[in-house]
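Here chain A shows up in two complexes: once beside chain B, once beside chain C.
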Partner chain A sequence: MNIAAGGHIFQSQPNAARRWEHATFWLFRAATYLVLGCGLSVFATIVFKGTRALVKPEAPFINTTFFTDAPETLYVFTFEGKGYAQGDREHRAFIAAHPAAARVKAESYVYSAGGIFPCIVGTFLLVVGSMAIALTLGVCAAIYLNEYARDGAFIRFVRLAILNLAGVPSIVFGLFGFGMFVIGFKVFGVQFFGWNVSLAAGWFTLAFMVLPVVITASEESLKAVPMGFRAGSLALGATKWQTIRKNVLPYALPGILTSSILGIARVAGETAPIMFTAAYVVRDKLPWDVAKVSDFFFQGVMALPYHIYVVSSKIPQNEYTERVQYGTAFVFLLVVALIAATSILLRNKLRSRYQW
Partner chain B sequence: MSESTATREPPAFAVSKKRLRLLGLTLDDAIKVFFGGNAFVSVIVLALITIFLFREGFGFFGQNRQNLRIYRQAGLEYVDFIRTQTDDHTALTRYLSDLRLRQLSFFLQEKKLSLADANAALAAFDDFADRFGTAIDPLRAMVSDLTEQATEIKTKFIVAGDKREERRQLTAEGKTADAAAVKIDEVNFTNELKPLLATLPTYRAVNRELEQKLKGVLDTAPPPPTPELAVRFDRFKDLVQIYVAGFPAVEKNLETWDYLKSVPVSQAFTAFVFGHEWLTASFWQDWYGVVPLFVGSLMVSLVALVIAVPFGVGAAIYVNQIATAAEQKFIKPCIEFISAIPSVVLGFFGIAVLGQALRLLSQQSWLSWVPGFPYSERLNILTAGCLLALLAVPTIFTLAEDALNNVPRAFKEASFALGASRLQTIVKIIVPASLSGIVSAVLLGLGRVIGETMVVLLCAGNRIAIPDFSAGLAVITQPVHTMTGIIAQEMGEVVRGGIHYRALFVVGLLLFLLSLLINYVAQGIVRRYRISIG
Partner chain C sequence: MVTSVPILMDTRPSAPSTAPAAGKPTVRPPAVGASAVASPAALNLPAATTLIDIEQVDFFYGATQALADINLKIDDRKVTAFIGPSGCGKSTLLRCLNRMNDLIEGARVSRGTIRIRGVEIYQPDVDVIELRKRVGMVFQKSNPFPKSIYENITYGLRLQGRSDKSDLDAVVEKSLRGAALWDEVKDRLDTSGLGLSGGQQQRLCIARAIAVEPEVILMDEPCSALDPVATAKVEELIQTLRENYTIVIVTHNMQQAARCSDKTAFFYMGRLIEYADTRNIFTNPANPQTEAYVSGRFG
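Moving on to the complex of A and B:
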């Protein structure tokens, strides 16, 4: 032992066991960072290629039409020695101006021109509606489970149902929504539901899908409110409901809302449940173009995730279609990532703010 | 006296205000019931899912039985007996052409012959292969005739069914005259099948002839050029012997075949659960066998778990036991972030980037030792499995990390106090103590992966066939179709209430039950092996 060299007698000495331990720890570290690397590479590829679709070299630098137009068919052709790639409307105008161009054979790619405005609107409507339903049901259920319920067979049963509901595959929710809301059922000759492919059907299907997430998140926030708040209020003679309304909910609500944002990310990101319940491949009208107000709820919409599925599976991959494919994926990823990031940041902030 | 006054006048602090009552409940009770009702919604939803999957899928087994009954009564089954013979013959021909390819490459590469010379050297073999191939022609012609006859009977039966339905509807609408005018050609299977059954003697003669021909062809087979090929050729001869030896069994099947034999209810069930074919919208016969889909789902999930478990659990151990506090703060949200990537985006990534990248990787010469490499199908089990692994890692990570976190500090401290190193503590104390939690995390990861739709729909290749397990590990480079994928793909195109529609709901029901089972087992493991923490 060379004490004079600067170490001290209790310093751990390198030996085989220690080297082995170090190597193993590095293995774990490598596994962790490889996972992060994979996630990052997916993200980076889509961001990188998507940005090219959304940004243009001249002012205002952002391809605004991609956000404000409806999808169109793209026509690619050569006319008088020059190559053109035009959207549907532009192409018709071009043919009107150059009648000879009508005879040129153009390759067409569906949905590859124009933008994704109807999809953004549709996704927004789906998320808002389904989260409103899920939050109402979920928060009330959580209040019951945390404030009123006493341990018993009924509560165990409810908890078991919530736990199992969380594990049901999303496509099964899609089938269920299709059977219940889209087709509907008859009891004694009275038709229930039967809304066809519609916003309302999508709302309820998605709401039931995220219900377990919302209930769990809400219950956790309610649990975080100290018992003393309730005891104090009850001791002053307030009823149970008054206690909950004035002394529990106000403190739990921020937590409930932030944790539920993760549910929003899930609702926005799922494709399978809306495939047969709410999503159209293409729809010319925007959702507010309705004759009656009630029609609003019973119309199908275009949605971002379903649009990505359509453009990635139904049209070929090449330089012309890449724009809409990566562009849509990028916008969608951005929306979901923003929602998720907000949720994670807010939660961390909230944890440090409320300390009882 | 004083007693009576005490009873008449209530004490000053008693609540005198009369409570509002709704249906005999006080307001507070009503609120409680309202919240309780909301909590009950999840139970109702679970029940409704079960009810609707059952309702829509319910008629399937009845319809499938009817489907199988027509298959028998219209003589399709009879024709399929003979068809197996021609199919087996096709397989043998394929073996021969493979043999020819090997001989050709031998002549070209070992003997350095020109292509023309090599082909000339193979002339005798080609002649042999040709005679072997044409020997089946009479039988094939017969099968084709019989196919037409059987299809005709089946069509007649279906038309009659449609007419009957039309009449029923007209009667229900009260148009009795119209209903009576609908002409229904009832199918008399005995009569219809007569010409079909009458072909049996012809078939026997054709079969005899085929047997003779094949034997004659085999006797005049040219000798193969190398011992290695000779072994293969002997194998071929053996296969032909086995093939010919199977003829009497087919004849026996045909003789004893009875179109009146009823299809038991259980067969409608077993045809679904153990059926090896999922074939829809075919002109001949539709099959609804879930095995290829189930095996596809299972293979994809297994590949995903094999990748995800080491990474997920490894990352959990690293973050919980090894990493510094700053690293923890950084890694945890990042992995949560990965779980927020929508599956359809991952699927798109698989189609656009990963499929191509993996195929390129497989074609590198230094990786040719990997089973199945190089491969040509861009979308296959491996591509889907890799992406699903990325989906499963956050689930497994979060739950496994929770489990590790729940191990009491005292365990770790006691281990250190006994002089164990950090690695020893992790491997021998922490991980075993949280094993039940880790196992249930893996199971829930499996549940997540097996129920995933978009990634497998986009990236698994969508070929409805049981992968060829004889390829060994290389099986993971084959395309498959999955249970979730088939529902998403075919649900939009089916007739509501038809057998195909109902079959998809039964597949959904199977998925639902599977997910419940996985959940149940995962919970059971946690409950059973939880370490009681004193």
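Moving on to the complex of A and C:
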């Protein structure tokens, strides 16, 4: 204490503990800022580079064709002293108008012109279909596990299986889907599955991948519904299923939806499970362009994450390929955000209806 | 649903109107009806018609015995109170009467019979759903569903497939009036049942129970979470309900048992120690343990 030197009895003194206090505080703060920096730099890169594909200098400033057109090959060439970068159709029209241009050597970049409309549609279809399957199966399983099953060795085994399923790498799901749904198998001459590369095969593969998330989340949501609601309903002469359907499930749905939002991001984002099962590098027909309705389920589609993979694994890479790579990534984030926002709105609507 | 077995046939004459009970004083000498029929010497014998007959019941939770050799006859359209310290088995016995214990893993009646109107309710051919319609229950913690007041009352009716609007409207009004809640909520039937006060919530649960017209209403410490004013209202309601329903109430509150029941059963350590007219239990208990408990020496 330094009272003699003009301090008071609570005069703060520099000492080791105080220095450690400062050091650790700044360490934690720095770690947090670093995480923030990582996140921001990822988003900033995608947004900054992606906007170059999405906006254009003249009105209406949004490059709508990027959203509405199919991918095209980009031709870059110099003709009569002027540089051109043209998509496939534009290039052919240009050659028709200037036959001399046909002799000019043009650099071509596959899929770097046009838009990504078929990929947006494909990803949307994959997400909706696989989430529908995963939610149906997952909620049913969760209801069985949480409401009906009595704890025993079998149930413990089931839970272990679900945990293990969550740990399987996505490429393994892709391989499983390929063998199971795409190729199928024969038992005594009867063909099972064998759907080729198709929406149906992708749906089931993706659904199996998110099932553990959906089941675990649904179980937690069901557990969160007070037991009193069940007892009250049963005491009024309801059967177990009536109780669940009218007095448990409606209250658990907001929670189930919340966690399935995580599932949506996963389903939309995974490339590995669909690359053997559902995704085409390029497809000229749009999904609704089918001869009969049943064909709809057994056609392959283009998908955003796989498209990013395709355009990013082409050589050479330059500013022309970068445009479509980051453009697709940006649109991809927008699509996921849109689907997630929809389910958040739905959840909030349900949640406001039932509160306790 | 198998209903070919006429379990729990309602043999009552058409239920008397509750109208005269509305202005009835809440305090009344206990067991007026009983003493008018039975001779004072036979007070421990069932005076009115026996509705529920419990014989030699043993009950286990897994390996733990919760009830041992319970013999008890519960009178029709009387209020019977179960008292005793925590863990004495009174709630367990109550939940045996509508088989709510079936929901607990490992819980079972291992010996003895429980008959309601002569029907053994633990027989395999008994439809538990039908039983619970006839034996309603009000829980310790009020549990209105997170739905509107109207939906809460009609829940049980909709389960039975009744959906006629005017029919449901009539039952809602009748049940809420029966639970002395109508005047307080008639203008906000479409608001959430959870927006009511604690006492109103509990009366809503009673209204919900009587909407399906049970014969018996089991009440598991219905006032333990309520303030004295709300408690008084529920007790007043019990006095009205006893005209039409057989009520079995579990309570920790001995004054409550003394105030509202006709007969009282005292349980201790899973055994029925004494069962008699409420007046006798509180003024002249036969068993020293009962006396010790009702005079506040333990429990």
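Following the convention adopted for this analysis, the second predicted complex is superposed on the first by the 321 of 356 C-alpha atoms of A that agree within 3 Å, B and C clash if a C-alpha of one lies under 4 Å from a C-alpha of the other, contacts with A are read in each partner's own complex, and residues count from 1 in each chain.
What we mean here is this: contacts are C-beta pairs under 8 Å (C-beta built on N, C-alpha and C of every residue); 3 or more make two chains touch, one makes a residue touch a chain.
Quick caveat: nothing in here was measured; it's all calculated off a predicted structure.
Peer 1: First (chain B), second (chain C), both or neither: which does A:Phe192 touch?
Peer 2: A:Phe192: touches no partner chain.
Peer 1: Tell me the contact category for A:Arg150 with respect to chain B and chain C: first, second, both or neither.
Peer 2: second
Peer 1: Go through the superposed model and pick first if A:Thr239 touches only chain B, second if only chain C, both, or neither.
Peer 2: After superposing on A, A:Thr239 lies in contact with both chain B and chain C.
Peer 1: With the two complexes superposed on chain A, say which partner A:Phe48 touches: chain B (first), chain C (second), both, or neither.
Peer 2: Neither partner.
Peer 1: So in the superposed three-chain picture, is A:Leu27 touching just chain B, just chain C, both, or none of them (first/second/both/neither)?
Peer 2: A:Leu27 contacts chain B only, not chain C.
Peer 1: Thinking of the overlay built on chain A, is A:Ile183 touched by chain B (first), by chain C (second), by both, or by neither?
Peer 2: first
Peer 1: Pick one for A:Ala337: touches chain B only (first), chain C only (second), both, or neither.
Peer 2: First partner only.
Peer 1: On the A-aligned overlay, A:Phe61 touches which partner chain: chain B = first, chain C = second, or both, or neither?
Peer 2: In the superposition, A:Phe61 contacts neither chain B nor chain C.
Peer 1: Tell me which partner touches more residues of chain A in the superposed arrangement, chain B or chain C.
Peer 2: B
Peer 1: Both chain B and chain C touch chain A; at which residues?
Peer 2: Touching chain B in the first complex and chain C in the second, residues 239 of chain A appear in both lists.
Peer 1: Along chain A, where are the residues that touch chain C in the complex?
Peer 2: 150-151, 226, 228-229, 231-239, 242, 246-247, 251, 354-356
Peer 1: Any idea which chain A residues touch chain B in the complex?
Peer 2: On the chain A side, the touching residues are 17-18, 20-21, 24-25, 27-29, 31-32, 34-36, 38-39, 42-43, 45-46, 136-137, 140-141, 143-145, 147-149, 157-158, 161-165, 167-176, 178-180, 183, 185, 208, 211-212, 215, 239-241, 262, 265, 268-272, 275-276, 305-306, 308-309, 312-313, 317, 325-326, 329, 332-333, 336-337, 339-341, 344, 348.
Peer 1: For a test of understanding, state which residues of chain C touch chain A in their complex under the given definition.
Peer 2: It comes out as residues 98, 100, 103, 105, 129-130, 132-133, 136-137, 139, 141, 143-147, 155-156, 159-160, 192, 194, 205, 208-209, 212.
Peer 1: Enumerate the contact residues on chain B facing chain A in the complex.
Peer 2: On the chain B side, the touching residues are 27-28, 31-32, 34-36, 38-43, 45-46, 48-49, 52-53, 55-56, 310-312, 314-315, 317-319, 322-323, 331, 333-338, 340-349, 351-353, 390, 393, 397, 421-423, 444, 447, 450-454, 457-458, 484, 487-488, 491-492, 496, 504-505, 508, 511-512, 515-516, 518-520, 523.
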